[in-house]
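Worksheet: the structure to be examined is printed underneath.
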């Protein structure tokens, strides 16, 4: 419901076609679908540029299917994160075009066709164990209309692996750095480029990595400027922010 | 030292003007100034788009003046953060054009004149006590060539203060949200806009705010997508990242 | 055992019907049932207004049945929280009128019939994953004689969902806000109403939500006044406190 | 600005006295005073039942005076917490009727005269060192129109001191328990009464009391039901919540 | 190996029966049994008054049997804590007189017969879920030759349950208080008696009890003097310390 | 007020000398002195064996003097911990016999003369910086009627310093181990003796000693049995517990 | 690719056999094998003295086999840590000479034959439960060409067990101390020897050992000088560092 | 007192020159000087290769002078860390040859003359603010007889500054990496060299650097092998360990 609708409403009220009560009522009525256990934010696409995303953790397969249905019904692209294979199977029975991304644990249904944004999002991981989080980022960035490249296993223990790809780094419009253990990669990359860097700490490691606290703190204290950080293992969030950044390039 | 210089070097080596030893030596020689206690990263402007910034904490006024001198000597804009008034006075004796920003605790010396980037950076605070951190962000964003607007004291305890400024939010290309206590403002703003939001938790609060840990954690767990976070009280870092984002808009 | 009984006792002692030893003994004898592994606090209803509640975590089904028996024997309403289905089945074999609330993981047996308190308790959740905790609160508030309404999935990422229900908020006598992730909903609600707000942080989230520490800290630092907080996932405790508040309205 | 004003506006718009642009503008205009560094929430009294309270930490005396002026101008009672004596002196130069509560570190200006609420708020401390926090609660509760009694130094190390005052506890409509160290008093009190109990952990203690974390955790885990908790040393917040509870009793 | 043996050795060396090398060697040889994966401290009974206790966590049933064998071989009482039923079965195949204490998860083999110490050790729990830890303490104290009484489920939520047993408390020579959640029981008991109190925090609780951190901190900050604390769930350690205390009474 | 008084009261009531109201009133009246800001626990000596101790932190010199007066008035020994020299001077103006223990930061006034308990309390420190905490323990133990010996600077970095004093250790009835940094001394001592060991972690150290958290955790996890622990820097508490233990030896 | 190769390249370029583009390209090309999901650091042996080690956590058996293949192909010794038996079976199907070390959870394939370093690495554990971590260290140190001795179960609770082996300690060139619980062993050993000591905290313990945080902090605060520390349970890392130290002895 | 002395003693005892009592006594007498408040470990040089070092924190200037006197009296080199200028002045009055190292906050008195160890210790810092800690390391390493080089301000934000000094890194026998903020430098250096690396996290930084916790955790989780870690700001400890390593090279 946008500003035009409200103007129309006020004009109709003025000419007596609509009583005051209805005007007050309409102003109240905000655009979401109440489906009992959830209020699907159908307005989000207009407001934030992308429809609501389903965060599957703690939901039943039935709930996921139901919410997915409401999103798809609006001819929107559908993205569901932290999805189990069982959830995927439930969704694909309703929507055979649904795709499951195993490593990324995400389900996508593509409804729109548009030219990708011009800028490049580069996703880098420190190790091979960080790949699932990076894949969540990749799937998210792609469904949101971006061109994505990945560069995996270039952690600082063998810094020549990163250095050799220096020119790749320079091509990116935004870089997502996915790293566990001590998360030093974000700082090193941040010092090499002139584009925004988003750090995603991962829970990879053991002992004093404290399930990702160490790389989280590390990235927050990056000695390189221009690095901002999202939650541990939050590949989706990093890609969402990267996509908002990337859209600004025209 | 850029790629042209290396090509020239190799050509000179080929025609015998330069011996192999010198070629190997030059490849080694990376571009920074060694001034004893510090290695001023004079190459950073080429690499990252803005010259090295002086982080004054733990430095003597003399050290700040000396590093500032090397930056200014290269006809670069100079920015010094976490600067005391005493440091400013030392700097201004050498560089009378230096400006001290009291609340922001920063010193700037402007050497360049360029048209600001087109996009708008909006800086929002939850309370009045968050203003010094926001001011550090404002000064940083401005010296880096951005147009900045501020919106202070619009925390969620009286959410109508924010709502009334909804249209202001929509004009921004990047938004920096500065908030202490529970840091809820970042989530609310993140849910209202379609541009990147950078959260800066502040150490404002007491007791279980734990000098900023609470808003830090809060922002990292933002239920709104597109929010990334920098270190507690790091107004500079947020503005630096925002500036990198803003530059991408042409 | 109330004050009248003691007065009677003293009078009987005075006229010689009761020896001093018995008086001393009776004063000692406090009203609880010792059933070996537990001391059922049969006095609590008189003291605190509601009989003892069974916290099932770490108890065997047999123990739950046995304690339930002692509560029901006193013609009291019975509430058992954190109850498994297996416990319910054991209880319902003895008390077929027992009801199991699946999502809320609680068992209730209603023995009393009284008119509910006049005030309204409103229970709000930020997301759908917070519903089980909210349901524990709902069942608790209802067995304690309150009228309850619920408003689920109105988190601040789409704040219009909350705003549209503003008038609902204003009808409540007490509001329970159930939220995980960054828990910002408590602050926003607290700033919109003039009744007490009780925050229940939930363990919903991942990474730096630290199983509910983040919303807990967030709610404790709420910039809105009038918000108090209970333990993570403690829907029962919030409803119990809300019920005590609600009873004061006559 | 209440609903009547909006109805009037719409009627005037209908009869052509007000153009549409003005209607849209007015709907936007929410009631707060923008005084540059702060947006005084002049609407809060209508919304939340008490005018905005000044949290002085991190503000200059001048800022405190200026905000106080705007509150008093509306013929509202003024409460400023965490106020230094220096701030009080600045305020009292403008408002000689201002009162400084030394232990409570608060400033009050009373503008209204109304009969206090009927219910009693009882404030209890475990030790003598907890008194300043309790006093902040007392001053807050009184300016908000409540009858308050205090019971200081009745911690559980000598539980008979509490027990002797059992009848005092039973008279209260709400009880605020202020305790540092291990904060056990909240649990014991919670088990003795049938009214809501609000725990205020204090930073009193040393070593493993961790500036109030221990009593905070302790109160959150109270084995007695009906206890809710506010931030460490937050006497104001406890009294504010208690006042909202107390008002419900008619 | 005690001082007599050394004196004998020196005398033999003096008269030439033993060469110097052997004397030096013997002084080195400390009394423990090396059984490959473990060095059984057979000297401990002489040094510390009770033979080595087997802490079963992380050991295989075979290792437990083997170590138990070495202890029993010395005609010592055997105590194994954190023992699984599987371990018990392995042990009982070798030592049919072994007893398994299900709740306490301990195995005992009694080899000695002595009159128990005169003093009484009293073990108190706050709730029924704390009983397994209390049972570990009971079994330990008994095998170490103490008279033990228990008083379970007397937590402070219904403090009359404790008060009624005040005279029981006064009979004890040492009191072990086992409590989870907020652990307030230790403080209350500590304020009622004149004997040493040992607090055992348990991991009973959820959310902000943090697996026992809350009662641990609570007990360390007890406002009652004379309370010392052992590790979370360490019923064994508390009983061991209590036993050392109890032995001093003659 | 002991049981005899109550019996007398009841008898007087029976023969009509005392009305019922007075009996009920007396039962209520518990023995403490209410001096406004504090309720001096004059009953504690009877209940716990030693009069109330003044914990000076957060009290004014005037308050300390006033409470001290009430304790001394009852011909009790007076102990005040965490006392500043300024407090001492205030106290000594009233009570010239007061003694200030500089390192221990305690004030004592001795009123009683009794033979010390037979058992020996040994106080050991790991380093010289731990001595102030040890001295607080020493003064406490002495005023409570114990014979005390000290052994300072025998930390495990040079374990022969401890070993040489092994026979000293064996003479003690209770040992207090005061140690900062890693607190290993408690474990080593615990493994060498057969008497109770009380560990006092100190805040000595820097960096990852976290103001005493490290030795606190270390002592709680002591691999030697029989070690219990008090709060960081709590020399008083350790000595109080040690004194209760020591009294049991006759 | 070493310096000779580069010299050759430059000479060939000079004489025209290689175009400039190729020279620039080669300089870029750093020596690692890109196998899709991983970039095997084949250059590490030259750079760091030992080939890349496979950290198996989070990898599939197939990935382990593939990486192992690339390492073995270079005639390098292969070490895989945190390996499951399933991984071993997959590896041994390809490389029958692979050895699985059950307790140490490592796989080794020995390809080289060289004389071990002269110095001795001694590995000590406090308890039997620390042995798996110690075994990981032993296997690592041996495949890296060291002579290793072990001394297990010599924790400080029975310090004579350590003292008796004092001469063993003095023979070592480096000592690795593996300990959980309070980790005191590292300090005691550090004070007895004049060689470097590397502490490995283990996650052995419960309650306040916090999965190894306690011994970690303890070792970092060792009162003995010369102790450095690696991550919790990181037997591999300790042995790697010890091996680098040991190699320096010629 | 070394083994020769003991042999002599035993021989004298055998021929009757020394009674048994004296032999037993001498074995007990371990070599330290008891100077009242401290037990100076005069044996340490023999045992650990360097005399006791004075850790000045928490000592008075008089105590420092007294302990220094005992060390110097034995013709040992004297090192005092965390020393204030005031302490230095007190020491230099007694020992005019004492040297104060301002940045390093250490006092040294050199008594011995020996050729330094052959190996090189390289000390690297990430920033200029880390220099004081690095200087403590430098002074320590030099007084312990090592050749030291330093490389300051080569943090990873401008990694070319480190890369240019790659050949310097390769010359070292041990490298000490001193870094605050995110401490990434340790990992990068660890991946470039084949010698042991000791990380020293510093408390440089703010907000989420938590006074050095972040670089501490970061270094403990280094993805490069061969890195071990000492306490925050512990330049002394790192140099001590480095010196023990360096001595092994002959």
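Quick notes on this one:
Here the chain labels run A, B, C, D, E, F, G and H in written order, and each chain numbers its own residues starting at 1.
Here, contacts are C-beta pairs under 8 Å (C-beta built on N, C-alpha and C of every residue); 3 or more make two chains touch, one makes a residue touch a chain.
Here's who's who by UniProt: A, B, C, D, E, F, G, H = PurE domain-containing protein.
As the structure is a computational prediction, the values presented were derived from the model and not from experiment.
Chain pairs F-G and A-D differ in how many C-beta pairs are in contact, and the one with more is F-G. Per-chain Cα centroids separate chain B from chain E by 59 Å. Chain E and chain F have centres, each the mean of its CA atoms, that are 25 Å apart. The geometric centre of chain E is 40 Å away from that of chain H, both derived from CA atoms. The multi-chain contact residues of chain H, meaning those touching 2 or more other chains, are 47, 127, 157-158, 191-192, 207-209, 213, 216, 220-221, 225, 231. Inter-chain contacts, as defined above, occur between A-B, A-C, A-D, A-G, A-H, B-C, B-D, B-G, B-H, C-D, C-E, C-F, D-E, D-F, E-F, E-G, E-H, F-G, F-H, G-H. Residues 28-32, 37-39, 41, 43-44, 47, 52, 57-59, 63, 201, 203, 211-213, 216, 231-234 of chain G touch chain A in their complex. Chain A meets chain B in the complex at residues 47-50, 53, 119, 173, 191-196, 198, 216, 220-221, 225-231, 236-238, 240-241, 244-246, 248-250.
Partner chain H is touched in their complex by these residues of chain E: 6-7, 10-11, 13-14, 20, 23-24, 27. By the touch rule above, chain E contacts chain D in their complex via residues 126-127, 155-159, 181-184, 187-188, 190-192, 205, 207-210, 213-215, 217-225. Contact residues on chain A toward chain G in their complex (touch as defined above): 128-129, 131, 152-154, 157-158, 160-161, 163-164, 167, 204, 206-209.
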